[in-house]
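Two complexes come next, and they have one chain in common, chain A, joined by chain B in the first and chain C in the second.
Entry: the complex of A and B
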């Protein structure tokens, strides 16, 4: 199981992530009363990007991009092997730093602004991400995900505040509106491509695939809130994950981009209010 | 390689258009016409675009920009001139600062006439451009197969045959870049 799950993650996460991305575009289109692209559109896009001429602005760019991808896969593989959750989150932040390097190494001002904002987004997410791990530890006395999924009852019962805080920063992690500060898929924002400005062809395809890995990993953390030793919790977790993803699409389509200062204030306020109060109650009740 | 025609990403540049054609280009992406059902994405980045959509005739200021955008796009790429000004210069053809259609600066593959071009004909032009994109991509892949994967870095299969020497804008007007007034 400890070998099989990481391999399954390595192989299936891009498929699941790509399908979720396709669903995202289809549902977004339906919300705007359009027909929308086919479900497999993200795969067509990536296939085409690999077929294009490879234009590289700086030689180290491709290396940094591949490191970002490899670290992201390592994070997910570690998570699925049942290892230390805190370690996974540290590795995830390291992966994020490599995306920042990819952006700033090019000297493009747009890419540079995108990179700065990427760091800023990391800063907004980090408290909630770390508190989530701490919440799980206080509840179950372990950071190991392999033990967490065999809990007596779903963690969400005792950690609703942590769940709300995590949902909030999920929008930032997925770079969705109103928090698509560092990059945007839509051409109506003030900074359109941000970190991906100088990524073309194969490099952009790698970025896309890494996004899929990351989304699957983040949604897996959402599932961790639901899973317990009862096998029926698995379909429940899948339903909650799909509902979460739908909520993200809905927020993406109904909100305009927020200023980065506001993002920092809001995300930390929600983290302290929801996860912080939950943490205090958890410690007092223990 | 597979079907690149399923994923044509557009880059729209307004060379000197009156915004008539630009509004119609945007109309193609609205619910009524929904060009995204063909996989079309209106991207803002030349490095990620496959099809360059130019509206308006080329003038002294936009000529260099059009050339630069075209050069920044990765191969295979296709150019569509939207509206009569982009095709031939239109009513502005004889103006002192207009060099004519987009094809006076970069090679154009598809001409979409109209003032303003209708969304139906723009989508028709894009569909034609997508067919050319696929054809060029097949050639591109064949070239890379022959020359090895490293050729993808600077692959140039059809450039010499197709592009020739785009007329130098300032030469065509009998002016130099230092002396834009032409005195």
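Entry: the complex of A and C
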């Protein structure tokens, strides 16, 4: 299991992530009364990007992008191998810093500002992400994901506040509106394409794939809130993950972009109000 | 057999006195190049002797009346000196903070009868660790300073040449620091404590500008206030309990002796001033006017750690008490708030200063919780922080000598302009926060332990503070690696002795990172066993394995990615500017149709989170907390 699961993650996560992305585009299109692209369009896009020439502003972009991808895969693989969750999250933020490096190393205006905002988004997310790991630790007395999935009850019963905080920052992590600060799927905005402005051809494809890996990893954490030793929790977890993803699409399509300082205030307020209070109650009860 | 102990204390002080008399730079350098290795050798000898004796704590020098008299005389000389300085600067009230505690201590020394005979010197793992930091980090900084001060006086011609004074105080400080960490006797501790405060005061005022003098007196009164609390605590405790050592104090406090508990609180308060925790953080920020070596030595690597050292000693006594709870809260709060203020700083040395306070805050929080796991984390934080900050300060100093600026914005593209210094800077910063370097594992352990001890406030502070810490460091790293288009070539005028020190620091940083499971097993575990009696393993083997994997991943992945991406065919283009480029990457056509230079700068949010907006409210809040702590502990609820 400890070997098999990481390999499955390595192979299947881009497939799942790509399909989810395809669904996203389809559902978004329907919400906007369009037909939308085929479900497999993200794969076609990536395939085409790889076929194009690799345009860069400075050569080091490529190796930083590859590092970002590999660190993201490593984080997910560790997570799926049942390792320490808090360590995984630390590694996740290290991976994120390489995306920031990729953006600022160019010194190109849009990319640079996008990088700054990416960093800002990291700062908004990190408390809630770390608190999630702590919530699980208080509940099950371990950070190891392999033990967490064998809990007696679903963690969400005791950790609803943590779940809410995590859902909130999930929107930031997925760079979806109203928190699509650092980059967005629409180039007709003030920051053009933000962090991805200077990524061309293969590098953009790598970014796309990394995003799929990341989304699958973040949704796996959502699933972890539901999973317990009862096998029936697995379909439940899948349903909750799909519902979460739908919720993200809905928010993305119904909200306007928010200023970054507002994002910080809001995300930290939610983290304190939901996860913080849940934490206090949890510690008082135990 | 233990000859190295008196040698370590007396020899640097003598060298300091010698350096004060010598005004020829070459001879001075010669002396320093002999004295520093001698101090390092003596420290190694001390370590070897300690382990030859079985690695158990050793208590020495039980009956030493002469030495005690010398210390008493030293206290009085120090008091006269401080009073004289204060009167000359017309800051009369500060002298009271020296006169009152000194007279109290001296009066007690002369009158108190029936004291238990006890050791004056104690050597154990914790004091040895401090000795190693002082000897090696401190020693390298003095070597660095020999080169740095030459360059400093070339650029700052307005500063009067007083290098003899500078080096004299630095060596005096090193001697005092050894005395402080090796002393077991409370009065001796107090004396060396005050000596380091005065050294810091003298070095901050080195340039004699108005700002420097103001800042030096601020540092003086804050540290002396701590010293006063320390003296009051010691006198009260010794009068009641009739014992005079630090370990006896901890023991008494654990046994529930009220006087000991009050003394522990007063000492912890003194530690807060020394470690520049809120509300006393401003002195450390002001101390940045001093030449960089003194910032590196006193205000980051060693002296401020004296506060942490004393808190680690008191940790068993603070664990689970009101004092511990408050100290942990104040430390955590300082960690979080000062890391926010650090985001708003443009001056590299200010960022380092705030991050020093912030990291010290984390160590204070660890000590306040006082569990073996947190002390484990705290000890590692201390090691990593000492090396990394010393590296960073020296590097920023060398960079400043080359660029004539320490503004972060001027470090844009430093990697391409001063590659060596930029790489050292990168290692130093990475050591402060990136996986898998030591800070991170310490944070991991501190988080877990604060969950175990159910300290919600500290958990929240660490979690949020960790986010803000990452933010300002990453911002800095991004600045260094960002491609520079303004091809202004800078000459690297870093001297050989500066480079020597920087290289050793960088190597030590990486080595400590790679070897830290070993260090944990052979050194930190016995240290904890000494402090807490019993001790169980902090890190399970699963976590250790995971760490090895992490280290491999984070080191190898960028390397392999770099090598494999070299062969890739890429097409270089200009960066995207809506088609308004003027044929290159650093100019664009503005709305008037004129070419305009492009300059990318970071956002520092200065008006919102700068020092002015946040510092005063934080100081007020923590002062209130300290007052409450005093009331509760002295009032006797605890």
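Here is the rule we go by: the second predicted complex is superposed on the first by the 284 of 286 C-alpha atoms of A that agree within 3 Å, B and C clash if a C-alpha of one lies under 4 Å from a C-alpha of the other, contacts with A are read in each partner's own complex, and residues count from 1 in each chain.
One rule holds for everything that comes next: a residue touches a chain if its C-beta (ideal position, glycine included) is under 8 Å from a C-beta of that chain, and two chains touch if they have at least 3 such contacts.
Everything quoted here is computed from the prediction, not taken from an experiment.
When the two complexes are overlaid on their common chain A, residue A:233 makes contact with neither chain B nor chain C.
More residues of chain A lie in touch with C than with the remaining chain of the pair chain B and chain C. In the superposed pair of complexes, A:51 makes contact with chain B only, with no contact to chain C.
Contact with chain B, but none with chain C, is seen for A:35 once the two complexes are overlaid on the shared chain.
With both structures placed on the common chain, the touch criterion links A:215 to neither chain B nor chain C. With both structures placed on the common chain, the touch criterion links A:199 to chain B but leaves chain C unconnected. On chain A, the surface touched by chain B in one complex and the surface touched by chain C in the other have residues 53-56, 192, 197-198, 200, 202 in common.
Interface residues of chain C facing chain A in the complex, by the touch rule stated above, are 412-413, 434-435, 440, 443-444, 447-448, 451, 454, 456, 459-460, 463-464, 466-468, 470-471, 474-475, 477-479, 481-485, 542-543, 546-547, 549-550, 553-554, 557-558, 561-562, 564-565, 568-578, 585, 598, 600, 602-603, 605, 608. Residues 53-60, 62-64, 66-67, 70-71, 74, 78, 83-84, 86-87, 90-91, 93-94, 97-98, 100-101, 104-113, 115-116, 119-120, 122-127, 130-131, 134, 137-138, 143-144, 192, 197-198, 200, 202, 261, 268, 272, 276, 279-280, 283, 286 of chain A are the ones touching chain C in the complex.
Residue ranges of chain A in contact with chain B, taken from their complex: 25, 29, 32-38, 41, 44-45, 47-56, 187, 192-193, 196-202, 204.
Chain B meets chain A in the complex at residues 1-4, 6-7, 9, 30-31, 34, 36-39, 41-45, 47-48, 50, 72, 74-76, 137, 140-141, 152-155.
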